[in-house]
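Here subunit A shows up in two complexes: once beside subunit B, once beside subunit C.
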Partner chain A sequence: MNLIQFKQNLEPYKNIGPAIGWFCTYMPEEILHAAGFNTYGIRKSSGCEDEDVYLSRSLCSFVHSIFGGALEGKYDYMDGVIIAHCCECMRRLYDGWVEMNAIVKPQFAYQFSVPTVNTELSVEYFSKTLNQFKEDIEKQFNKHISDESLIRSIKIYNKTRQLLNRLYELRKRVKPPVSGFQVQEILDICMSTPKEKFNEYFEPYLQELEMRESGVFNDFRYRVLLYGGMYNPSIIKYIEDEGTGGIVVCEDACQGYRYFDAQIAIEADTEPMTAISRRYLGKMPCARMAGTHGERTQDIVIRLVREFSADAVIYFATKRCDNLFWEYQFMKDVLEKENIRIKKIEGDISGDIPQREIRSFIELLDFIEA
Partner chain B sequence: MEYRLKRTQQLQDFLKFSQEHKEKSTMKDMGEKAGALLKKPASELSASQKRGRAITEMFTKAYDPNSCVVWHSLFMPTEIFQAMDIVPFTAEMAAAGIAGAGISRVLVERGESHTQCMDSCAFATCSTGAMLEGLFPEPDFIVTTSQLCDTAVKLARFSAQITGRKEFFIDVPFGGVVMNPDQYRNTVDYVAEQLKSMVTFIERETGRKLDENRLYEVMQRSNDAREWFLKAMELRKNNYPLVRGVQMLDYSITLLNIWGTDAAVDIFKSLYEEIQAACAKGGIAKGIHRIVWIHLRPYYDNTIINYIEKERGAYLVHEMSNWIFWDAFDPEDPYRSLARKMLSNPAYSPVEVQFDLYENYGKQWNVEGYIGFTHKGCRHLYSSIHMCAEHLKDVIPWLVIDGDCIDPRAYSFPLVKTRIDAFFDMLDIKKERME
Partner chain C sequence: MSDQKIKDAEKEKRKIRSVSRMKEIMTNYYIEAKTAQQTGKKVAWITSGGPVEFLIAMDVIPVYPENHGAMIGASKMGIGLCEKAEEMGYSRDLCSYARSDIACTVTNGGPIGGLPKPDFLVCCNNICGTVMKWYEVQARQYNVPLFILDTPFIHTKFSDASRKYVIAQTYEYIEFLEKQTGRKMDYDKMLDVSRLAVKGLRLWQEVLDTAAHKPAPMTAFDAFFHLALIVTLRGTQVAVDYYQQLAEEMKQRISDGIAMVPNEKYRLLWDNLPVWYRTKWLSDKFASHSACLVGDTYTSAWSGVLDLIDENNFIETGAVAYSSVYINVSLDQMFETLKKLIQKYDVDGLIMHSNRSCKPYSLGQYDIQKMVMKELHIPTLMLEADMVDERSFSESQIETRIDAFMETIKK
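On to the complex of A and B.
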C-alpha cells in the first residue's frame, strides 16, 4: 500500500457525522468520542482568513481562518465545536462564535478553561472541569457517557497515538522512509476521519513503511526540526520540494508530536477522567504552558534534536501569537548554548512564506559545514 | 542578599536614564513634584496628591536595599504582601510611569530588540527594555498569575531569568463569572490552595512568617478603602461633573498595589470628601455629555482627555479601570476571599459579560456614550472593545480609538481629534433632537 492508496481507502470516511470540531490539542477528544461523536481537528487554513471582520485585527491568522470558515459554512457537517481556553486568541474565537451565532455553523460552541500548569492540584482541578464538560455534553446532546464507553474511547485514541509514535520512530532513521510533507498528509487524514477507521487502515500502511529500507529522498543534506504552534504547511513543502537539500524529520508543534506524544494511562485505581486530565496537562507542553512544566519545552526540543538527529531547528512564530514570540528568546538562548542552529520564521498559517530566509538559513548550514 | 545592594545604583541609573532620554513628558517635573509631595504634611494634600505620594513612597521603598520586594503581575492582589511587609512592584504598571516620564519610546525599542516583536503589548515590551537596562529594583522573588494575558506570563518568566530570582506561578482559571455554583466553588478552592502555597513559598524564600492577625487587619482595611471608593463613585452617578476624568483614570483602582494599607483608606476617604464638597457646590464644570471610558488612558504626553473634557465639554462619569467588581472580603476567610476577587474580573470572562455590564451600566448611570481606548498589542482587550462597540451600537453610541497606552510612536492627535469631533458632533445632534 502506498500513501495514495491509503488516502483513497479513507476518502469515504472523511468528515462524516455525527461530528464535533476542535482546535487545540489540549481538548480531550475521548470524551466526545465516548458520547458517539467523531472528533475532527480543524488544523489548517479554511481558505477564509480574510472573510472575518468581527474579531478585530489583533488576533492570529489561525483564529481568523477558523472563524472565516464558520461564516462561510465550511463546518456545516459538524454538530458543534469545542474551544479550549488555551490562549487569548482562542478566548475571543469563542466570543465571536457566540456573538455571530445566527450566521455561523455549527451553532453549538462550548468553551472550558485549561490550566496553565501541570501539578497534582491542577490535574485534580482539570478532571473536575472535564467532568463538568462531560455533563454539559450529555445534556446538550441527550447522550450518556459511561465509564466503560470512556475507557473504550481511551483505548481507541491510545491506539492512534501508538501508531503515530511508530510513524515518528521511522523518521529517526538515517534515511527516513517518509517525508515531512507525507507525515502532514497522514496527520490531516487522522484528524478528519473517525479514529477506528484511521487505525484500521493506517496500521497495514505503517507496517509497509516499517518494512521499507530505502529512504524517501536519496539526496538530502540537512535534517530539520520544526517548532511552532499552528504553522504554515508550505514551509515543509518548500524545504523538501524546492531543492534546498533539507528534510523535515520532526515537528514539535500542534500539528505534530504534541498531538500524540503521551498515552492515557488507564489504571484500575484511577478514575478515567483523572487519567485523561493527567495525560493532557502532562503531554509535551505548548508555549502556553507555564511553571516548571512549561520550562521543560527547551529540554524537550534538545532531546528531539538528538533523537531525530536534526541539524537545525526552524522556529515558526505565527504572527500575533504572543506565546510563540516571547518563547523564542528562551528557546534561542538554550539551543545556542547547546550549539543547535535555530532560525525564526514569522508568518501566517497560510499564504506566502519567506522562502529566501529559509533557503539562506540552509545555505548557511552548508557554509558552516564547509 | 547582596543583590539588594544593587538597588541604590539602579535608582540612580533610572534617574540618570530619565534625564538623558526624556522626551516631551506629561510629568516634566516628576522628580520635583515627588519631592514636594513627600515633604508636605498629609493634611495639606488632596486625594490625588495623597495617591501620588503613596505610589512614590512605594516606588522609592522598592529601591531600598532593606526592603523585601516582590515583582508581581497585574491583578495579583497585594494584601498578603502588605501583611508580610513586602513591597509590591508591578513591572507592567511601572511602564505607565515610564511613559509619563517621557522615556517609553526608547525603552519600547530596547524591549523590541530583545523580543523581536513589533506588535506585542507595549506595557510588557517597555518593562522588558527597562529590565535590560537594569532600571528596575532587584526583586527578592516573583509572583505571577495567568490573568489576564499570555504576555504577562512570559514577561514574568523573563523577569525570573534576568534577575535569577525564583518565580511562583498561580493558575487562575478563565471565566469565573459565568461558572455554575459547584464549578465556581471548586475553582475558588483551587485558587485559594495556590495562594496558601504561595505563602509557604514566600516564607521559605524570605524567612518571614505570615501573621494571620495582621492579614485580618489588612483585609479589613481593604474593605474600608473599597467602601469609601464605592461611596465616592455613587456620588458621581447622577450628578454634574464632580471630578476630572483624567484624575480618576489615574486611580485605576483595579491595578493599584496599595490595597490593604492605611494610605489607601485615607486616599479614598479624602476622595469621597472632595467629591461630596464638589457635589455641594453643584459640580466643578458644566458638562454636556456623560461618557464612560473603557480601558486605560495613554500615559505619554497627549491631549486626548483634556480635549474631550475641556474643548468638547464632555465628562467622564466612570472608568472601566475603576470598576469595583469584587465583593467585600471576609477577613476570617482571606484566601477564598482573594480567590473570589481574582475570579470575578469581568475582563477575564467571555465578552458577553462585558456586553451585559456596559448595557446595564449605561442605563443606571445615564450614560450617553462609551469611549474605548484600545491598546494595540493587547489581543483580548483590543478585540473585546471592538466587539462591545459592534454589539451595543444600537443601544448606546461608541467611539473606539485605536492607540497604545505606552508606545507614543504611532500617536497623532490630529487623526484622533477628527474621530473625537465626529463622535461628539453626533452626540450634540442627538441631544438637540431629544431636547
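On to the complex of A and C.
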C-alpha cells in the first residue's frame, strides 16, 4: 500500500457526522468520542482568513482562518465546536462565535480553561473542569458517557498515538522512508477521519513503511526539526523542494509530536478523567505552558534534535502569536549554547512565506559544512 | 488683576494638593526598594494583579515592573527602550511594558535607572498570559525563583473547582514565601495587612466615586496618577493615610465647587490602560471641548472586586477576588461592570483605547462597543494606540477622531 491508496481508502470516511470540531491539542478528544462523536481537528487553512471582518487584526491567522471558514459554512456539518482556552486568540474566537451565533454554524460552541502549569493541583483542577465538560456535553446532546465508554475511547486514541509514534520512529533512520510533507498528509487524514478507521487502515500502511529499506529522498543534505504552533505547510514544501536539499525529520508543533507524544495511562486505581488530565497537561508542552513544565520545552527540542539527528531547527513563528514570539527568545539562547543552528521564519498559516530565507539558511549550513 | 493672573489663580485652585505627598511616598518607596540590599530586606517583583498583601505581611518589598512600564511611558522613554528590546530579538508585537522593562534590565536605563534586583518573582496570570513569559525572562536573567499563581478564566461563573484550585495555590504561595524569607508567616500580621488592604481599597473607591459628582473634582487622568499606591503599597498604613487625605481633599473640592475641567459640560468614560505618554495632551484635548473623563475601567479594577473579599478570611477570599478581576472574566461580565460605571458616572460617551500592547483588554472591545451602543445608546469612540510605545500613536488621526466624536456628542 502506498500513501495514495491509503488516502483513497479513507476518503469515504472524511468529515462525516456526527462530528465535533476542535482547534487546540489541549482538547481531549476521547470525551467527545465516548459520547458518540467523530472528533475533527480544524487545522488547515480554510482559505478564508482575509474575509473575516468581525475579529481584531491583532489575532493570529489561525483564528482568522477558522472563523472565516465558519462564516463560509465549512463546518456546517458539525454538531458543535470546542474551544480550549489556551491563549487570548482562542478566547476571542469563542467570543466571536457566540457574538455571531445567528450566522455561524455549528451553533454549539463550548469553551473551558486549561491550566498553564502542570502540577498535582492543576491536574486535579483540570480533571474537574473536564468532568464538568463531560456533564455539559451529556446534557447538551442528551447522551450518557460511562467510564467504560471513556476507557474504550481512550484505548482507541492511545492506539492512534502508538501508531503515530511508530511512524516518527522511522524518521530517525539515516534514510527516512517518509518525507515531512507525507507525514503532514497522514496527520491531516488522522485528524479528519474517525480514529477507528484511521487505525484500521493506517497500521498496514505503516507496516509496509517499516519494511521499506530505501529512503524517500536520495539526495537530501540536511535534516531539519521544525518547531512551531500551527504552521504554514509551505514551509515543509520549501525545505524539501528539489534543489533546497532538506528533509523535515520531526515537528515539535501542534500539527506534529505535540498531538500524540504521550499515552493516557489507564490504571485500575485512577479515575479515567484524572488520567486524561494528567496526559494532556503533561504532554510535550506548547509555548503557552509555564513553570517547570514549560521550561522543559528547550530541553525537549535538544533531545529531539539528537534523537532525530537533526542538523538544524527551523522555528516557525506564526505572526501575532505572542507565546511563540516569547518562546523563540528562550529557544535561541539555549540552542545556541548547544551549538544547534536555529532559524526563525515568521508568517501566517497560509499564503506566502519567505522561501528565499529558507534557501539561504540551508546554503549557510552548506557554507559551515564546507 | 490681569487676565493672565486670574487664569493662573484658577489653574492653581484646580491643582490637587495631595500630589506632592504622593510623589514623596513614591520616592521614598523606590529609595527603600533600591537600597534593600544594604538594609537586608528582600525584594520581590510582582504582577499588578498579584496578591501583594502576603509580601507586605512577610516584610518583603514588592516591586512592580508594570508600574515601571507606566513610568517609562509617562517619561516618554518608551521608544528607545522598546527599540532596544527589538534589537535583542523581541517582536514589536509583544507588550510594550514587557519590552521596555526587559530593555531596562540590560541597560539600567529608564526613569529610575532600572529596577532593584529581585530576590524572587511572583506572577499571577489573572491579567494576561504575557506576564508569565515576561517573568520567566526575568527569572532567567536574574537567576531567581519564580512563583506562578495560575488563575482560571471565568467564562460563566467561578466554579467550585476553580475556587479550590486558587485557594490551594495561595497556601503554596505562603510556603514559597516562607522558604524564600526563611521565616514563618505571621498570621496576626497577615490579618492586619488584610484589613489595611481592604481599608485602602474602600478609600480608593471612595476617591473614584467623588467623580460621580457634577462637576467632577478629578478626572480619570488624575486617577491614573493616584492609582500607584493601591497597586504598590496596598496593605500598608501609608496607602490608607494617603487615600484618606485624597478622599477628604476631593470632598472639600466638591464643597468648594472646584471642578477639574472648567465649565464641565460633557462627561466621558475611558476604557483600557492609559496612553501614558499622552495623558496631558489627551486631557487638554478633551478639556478644550469642555469634556471631562470622569471614570474608567482600569483604575476601578482593583477595588472592583472588593465585595468578594472578607478581610477576616483574606487568604481564601482574596484568591477568589483576584481571579475575578475585570479582564479575567467573559465579555458579558465585563459589559455588566462597564454598564454600572456608565450609569454611576452618568456619562455622555465612551472612549475605548484599543491598546496594541494589551490583548486581553483590547480584543473584545468591538463587541463591547456594540453592546454599549445597542443597550445604553451612548456614542463610543475607538482610539488605536499603545500604552508605552509612542510609535503607535498618530496625533493628527486621533485629534481628528476626537473632534468628530465631540461634535456627535454636542448634537
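We adopt the following convention: the second predicted complex is superposed on the first by the 369 of 370 C-alpha atoms of A that agree within 3 Å, B and C clash if a C-alpha of one lies under 4 Å from a C-alpha of the other, contacts with A are read in each partner's own complex, and residues count from 1 in each chain.
The working rule: a residue touches a chain if its C-beta (ideal position, glycine included) is under 8 Å from a C-beta of that chain, and two chains touch if they have at least 3 such contacts.
This structure is a prediction, so every number in the text was calculated from the model and none was measured.
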Q) Should the superposition on subunit A be reported as showing a clash between subunit B and subunit C, or a fit? A) clash
Q: Look at A:F325 in the shared chain and tell me whether it touches subunit B only, subunit C only, both, or neither; answer first, second, both or neither.
A: both
Q: Would you sort A:Q132 into first (subunit B), second (subunit C), both or neither based on which partner it touches?
A: both
Q) What is the contact status of A:Q263 with respect to subunit B (first) and subunit C (second): first, second, both, or neither? A) neither
Q: Check the residue A:N15 against both partner chains and state whether it touches subunit B (first), subunit C (second), both, or neither.
A: neither
Q: List the residues of subunit A that touch subunit B in one complex and subunit C in the other.
A: 54-56, 58-59, 85, 87-89, 91-92, 94-96, 99, 111, 113, 115-117, 121-122, 125, 128-129, 132, 288, 290-291, 294-295, 319-320, 322-323, 325-330
Q.
Going by the contact rule set out above, which residues of subunit C touch subunit A in the complex?
A. 88-91, 93-95, 125, 128-130, 132-134, 136-137, 140, 146, 148, 150, 152-153, 155, 159-162, 164-165, 168-169, 172, 330-331, 354, 356, 359-360, 362-364, 366-367, 370
Q | Touching residues on subunit A, where the partner in the complex is subunit C | A | 54-56, 58-59, 85, 87-89, 91-92, 94-96, 99, 111-113, 115-117, 121-122, 124-125, 128-129, 132, 288, 290-291, 294-295, 317, 319-320, 322-323, 325-330, 332
Q: Name, in rising order, each residue of subunit A that touches subunit B in their complex.
A: 54-59, 85, 87-89, 91-92, 94-96, 98-99, 111, 113, 115-117, 121-122, 125, 128-129, 132, 288, 290-291, 294-295, 319-320, 322-323, 325-330, 344
Q.
Going by the contact rule set out above, which residues of subunit B touch subunit A in the complex?
A. 114-117, 119-121, 144, 146, 149-151, 153-155, 157-158, 161, 169, 171, 173-175, 180, 182-183, 186-187, 190, 193-194, 350-352, 376-380, 382-384, 386-387, 390-391
